[in-house]
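Take a look at the structures below.
Two complexes are shown next, each including chain A; its partner changes from chain B in the first to chain C in the second.
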Partner chain A sequence: MLHQEKISVRQFTILVFMYTLGTSVIYLPSLVASYGKENGWISVLGSSLIGFGVVFILNKIAQLDEKKHLFELLEFIFGKWIGRIISVLILMFVIYLLATNLRQIGDFITTQVMVQTPIYVIMIIFILVSLFAVKLGLEVIGRTSEIFFPYALFSLILLIVLVAPQADFSNIQPLFRENIAGAFLAVFPASEVPYFQLFVFLAIFPSVNKPDKAKKGFYIGVALGSFILFIITFMALMVLGPDFTARNQYPTYILGKKISIAEFIERIEILVAIAWFFSIFFKLTINFYALSLGVSYLLKLKSVQTLTTPIAFFVVILGIILFPNIIYFMDFSQFYWPFFAITFGLFIPLLMLLIGMIKKRKQGNGSQTPS
Partner chain B sequence: MIKVIGVLVASAVVYKLDYPTVKKSKSNRDKFVYWIFFLFVVGIMILYVLEVPFPNPTEWIKQVYKPVGEPYKQLVERIVNQ
Partner chain C sequence: MVKKLKIVCVIIIFILFLTACWDANELTDLALATALAIDQEDDQIKLTVQVINPDEIAGNNFTNRTAVSTYSSTGETVFEALRKLTTIAPRKVYLSHIHVIVIGEALAEAGIARNLDFISRDHEMRADFHLAIARGHTAAEAINILTPLEKISAEKLASSIESSQQAWAKTKKVSLDVLLSSISSKGKEAVLTGVDIIGDPNQGNKLDNVEAVHSPTFVKVDTVGVFKNDQLVGWLSGDDSKGLNYVINEVESTVEETACEEGDDKKVVAEVIKSNTKMEGKFKNDTPTVAIDIKTEANIGDVECGIDITDPSNFEKIEKQLGKEIEQLIKDSIDQAKELESDIFGFGEVISRSNYKRWKEIEGRWSDVFVQQLQTEVNVDVTLRRTGTVTQSFQKEIEEKKKKDEQ
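The block that comes next holds the complex of A and B.
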């Protein structure tokens, strides 16, 4: 058995919360502001509704068999060979995701914080921390999340509170007048980032000690994460204005630069970066764990940790060769990535749910007729 | 050449530190798969430091999603930049 470790419902909820914040806490305001201008915050609300829909589907899938993880479920639902092909496709998506997230943190640090450092050094440092966490196992990841959760939440709340005096309502007026079509169109690319990637949690769902309470925890984590995302987007639009938010790549970081207490305490934007380091660490680690679980399951290995070190170094190389420059990355992530993500984040789970329910009903009838 | 030696030395150090954790599982299959993956990744890293051009997987994904991606791009540009 590959998953003997157990995490509690609270740890699971915190992991979902951190994963939802993940990379989007720093990218989302720019994305929605460039589509919907002053009505960008509507797209965040719309995308969180889609997020709840996705969580509903995932919970239903987990209900099919609470003791099986994602890759076992795929094999159970689609049969041996088709299930394995879909598992390989999903693993390719997850490794792509892992490499992209690693590249994003590398790009952020080399453009904003440590400008002279080569990008691969930053990427290796971040993946080594994740590697260490995955090597130690899921229980350790869960307990780490409990320790770091207050720091991440506190620094984000501190950011919102300290920047609140500079909020200006005229920046988001007129409400619902212009750019409505853009705001609704932005729901699609805005929901790709956290919500269409949540299916990764099916891999650690059977490790939660109380499955029925974990479903509620899934909702709570996504709700809390979406709420923070919404508040931050709202604040960025009100403090920085729609144009400035859209033009910056990291508007949340710029928001941190705006903090000024009595013209004495200033430039504490690294608070935002710290919150982001925590959330992206958990995003990397969960993706990494799901990836190594899937690879170990498909190759019938004894332990999840066997192949983690080669994968970690492979991901660093992949992160560097995937995107030659930032313009290429922006183009890809705006116009192609949403379709790529929806294939795995919505279509495959829907297909799993439909076929799984049909199969379960058939099995139920089959067991009733002989008796 | 010095870069290749650097990569080899670094991978030897990583192997020395990492292999005991694999050995602990006492499964020959695990060891065998680990060696294959490790050699594969070391090979890729050597090719990378020698600046051999790699095919870009992003281009493949772009090719797959081109039929939906291109019309969507035009739609976005029409609505957002009106």
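The block that comes next holds the complex of A and C.
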């Protein structure tokens, strides 16, 4: 049995929340500000609406058969061979996600915090922790999320509250005048990062002990995550101004640097950075888990954990060789990546839902359903 | 056997990762920089850093060495000059604790944009330092002066910049993000506060400068320098700088004075305790207009004449007069900015916020429009709140006594 492990609805919700924050919490403000300038926050709102749409679709898919995970569902819906081909494509997408996220945190640390440390050392340390978590299984991941959730949330709230006195409303004016087109255009690159990747949660959906409540938890997790993303973007635009936000690679970290309460509480940006160390860890781990689940399912392995170690090594190397430099990465993720993301994050789930519903109706008319 | 091998493997992995941090910077290997000075020397950049001499700050036995030292080097770029410093400085210069960056006047006149990129790109640089221009001297001289009270003169400079804006409002603190966004804004120009050296700069860098009760040489925070794009084009006077701060709503506290009676040289002085500015852009018969609405609260701080301030009508009169004084300050300040052809108030941004379509039409020639067409409507509303610890001044009695003596 591949998914006898059970996690609670609360743990699932926290995992969704962490996944939504993921790497977006450091990149998103810069991304939306470079498109929509002072109206960038509108794109965050727009993209979270898309996010809710995606969650709606995913919940409907999960409803088709609550006991089947993503890859079983694919096979069930598309038939054995087409289902497997799509599964392989999805796995490739998830491997890519894993490698990119690893590279992103590596780039962040080597640019801002530890400049002389080779990037692969940071990537190895991060993936080792993730590997450890995946080896221990989903239940442990779930419980870890419960433990770390308060820290992550607290440091984000700390950031928002402490930087709030420096907010200047005129930085986001004129409202709705300039760059409106840009703001709407940015909805798509903004939704690619957290929302068009949420489909990996279908892989752990059957492990939630109360599937009905998990649907609600899915919404709550995404809502809370989007809300934090929105507030952070809003604050970055108000405190740093649209130009500075767009120009900086990691505006959220700069926001942390801006904290100065009575010249006493200062230089605490690394405490704030803890928030995304956690969120990126959970994002890595969930992607990693979904990946090893898929691989072991396709290869009919007995355990999810069998191939995790080789995958970890593979992903580190992939993360290093994928992009020669950071500009290449930014260019790729802005102009080419959205098409991949929308294919896997929106079109395939839609297709799954459509065909799945037709199939289910047919079976409902016929005899028994094979489980 | 296998188990032992596993343990050995784990230990080896731990040894690899838990040894130490790659980027460990030991305090003893760093020279903590507190101020940077950037000057132009011929075609090159001359960079001067002020570093802390830790023994003199936190040690137990102070010697008669100075608390800070400066090192200079030249290079094609700021970055090159900074790295070149390692040839003179004993340790690697660490930039995270910089308080001020002083830019030489000559360099500021030539344009500062090319030197700012490094400052915003380098990861050691933080966003919490002040920028200033050394007026009339080189920037290196400005950070070479030893100051009493604060052993680290960069700290003195930074706190002077802050406190003088807070209490005097004729200077202006500018941080890097503000400077960069106003340089790149289409509807706003940048300003930087000046620092000036009073006395002989050569004497100021010796320890005997701080051994006297009255230091012969000291650094003074000066009025505001006006930029056009990234070039320094002129200086505002003190009053004009205050006018600027009123318009952009950065007056925290200052002193305003007005004559007791017209033509009288005796004054009533008020301490501004709160000031709030609202700006609104509009088009009046095609003329871009900015309405500046200022609400100021003040206390009476000094009365030099026998005016009866307990009389409400006099109180009102003083309020009106103070309002007019501030209005005049602002008008002069705007005239001065128009003369320098630089929209330091951000009127362009104000207009773009209120009427975006029309702004797009004039955006391209904004600096001409600002100089030739822009109208401003200044409206200052002063409210006097309190009179300090006394009500009626004793001046009146003295005046009456004097009159009697004359009789």
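By definition in this document, the second predicted complex is superposed on the first by the 367 of 371 C-alpha atoms of A that agree within 3 Å, B and C clash if a C-alpha of one lies under 4 Å from a C-alpha of the other, contacts with A are read in each partner's own complex, and residues count from 1 in each chain.
Keep this in mind: contacts are C-beta pairs under 8 Å (C-beta built on N, C-alpha and C of every residue); 3 or more make two chains touch, one makes a residue touch a chain.
Here the structure is a predicted model, which means the values were calculated and not measured.
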Which of chain B and chain C A:L185 touches, first, second, both or neither: first
Touching partner for A:T111 - first (chain B), second (chain C), both, neither: second
Touched chain A residues, chain B compared with chain C: B
Chain B versus chain C as contact partner of A:Q363, first or second or both or neither: neither
Which of chain B and chain C A:F339 touches, first, second, both or neither: first
Touching partner for A:T309 - first (chain B), second (chain C), both, neither: first
Partner chain(s) touched by A:N209 [first = chain B, second = chain C, both, neither]: neither
Chain B versus chain C as contact partner of A:L322, first or second or both or neither: first
On chain A, positions contacted by chain B and by chain C: none
Contact footprint of chain A on chain C as seen in their complex: 17, 21-23, 120, 123, 126-128, 177, 180-181, 184-185, 349, 352-354, 356
Residue ranges of chain A in contact with chain C within the complex: 111-118, 121, 125, 170, 173-174, 177-178, 240-241, 243-244, 247, 254, 257-258, 260, 266-267
Footprint of chain A on chain B - complex, ascending: 14, 18, 21-22, 25-27, 29-30, 33-34, 37-38, 40-41, 44-45, 48, 54, 56-58, 61-62, 65, 68-69, 72-73, 75-76, 79-80
Complex interface listing, chain A residues touching chain B: 34-35, 96, 135, 181-182, 185, 299-303, 305-307, 309-311, 313-314, 317-318, 320-324, 328, 332, 334-336, 338-340
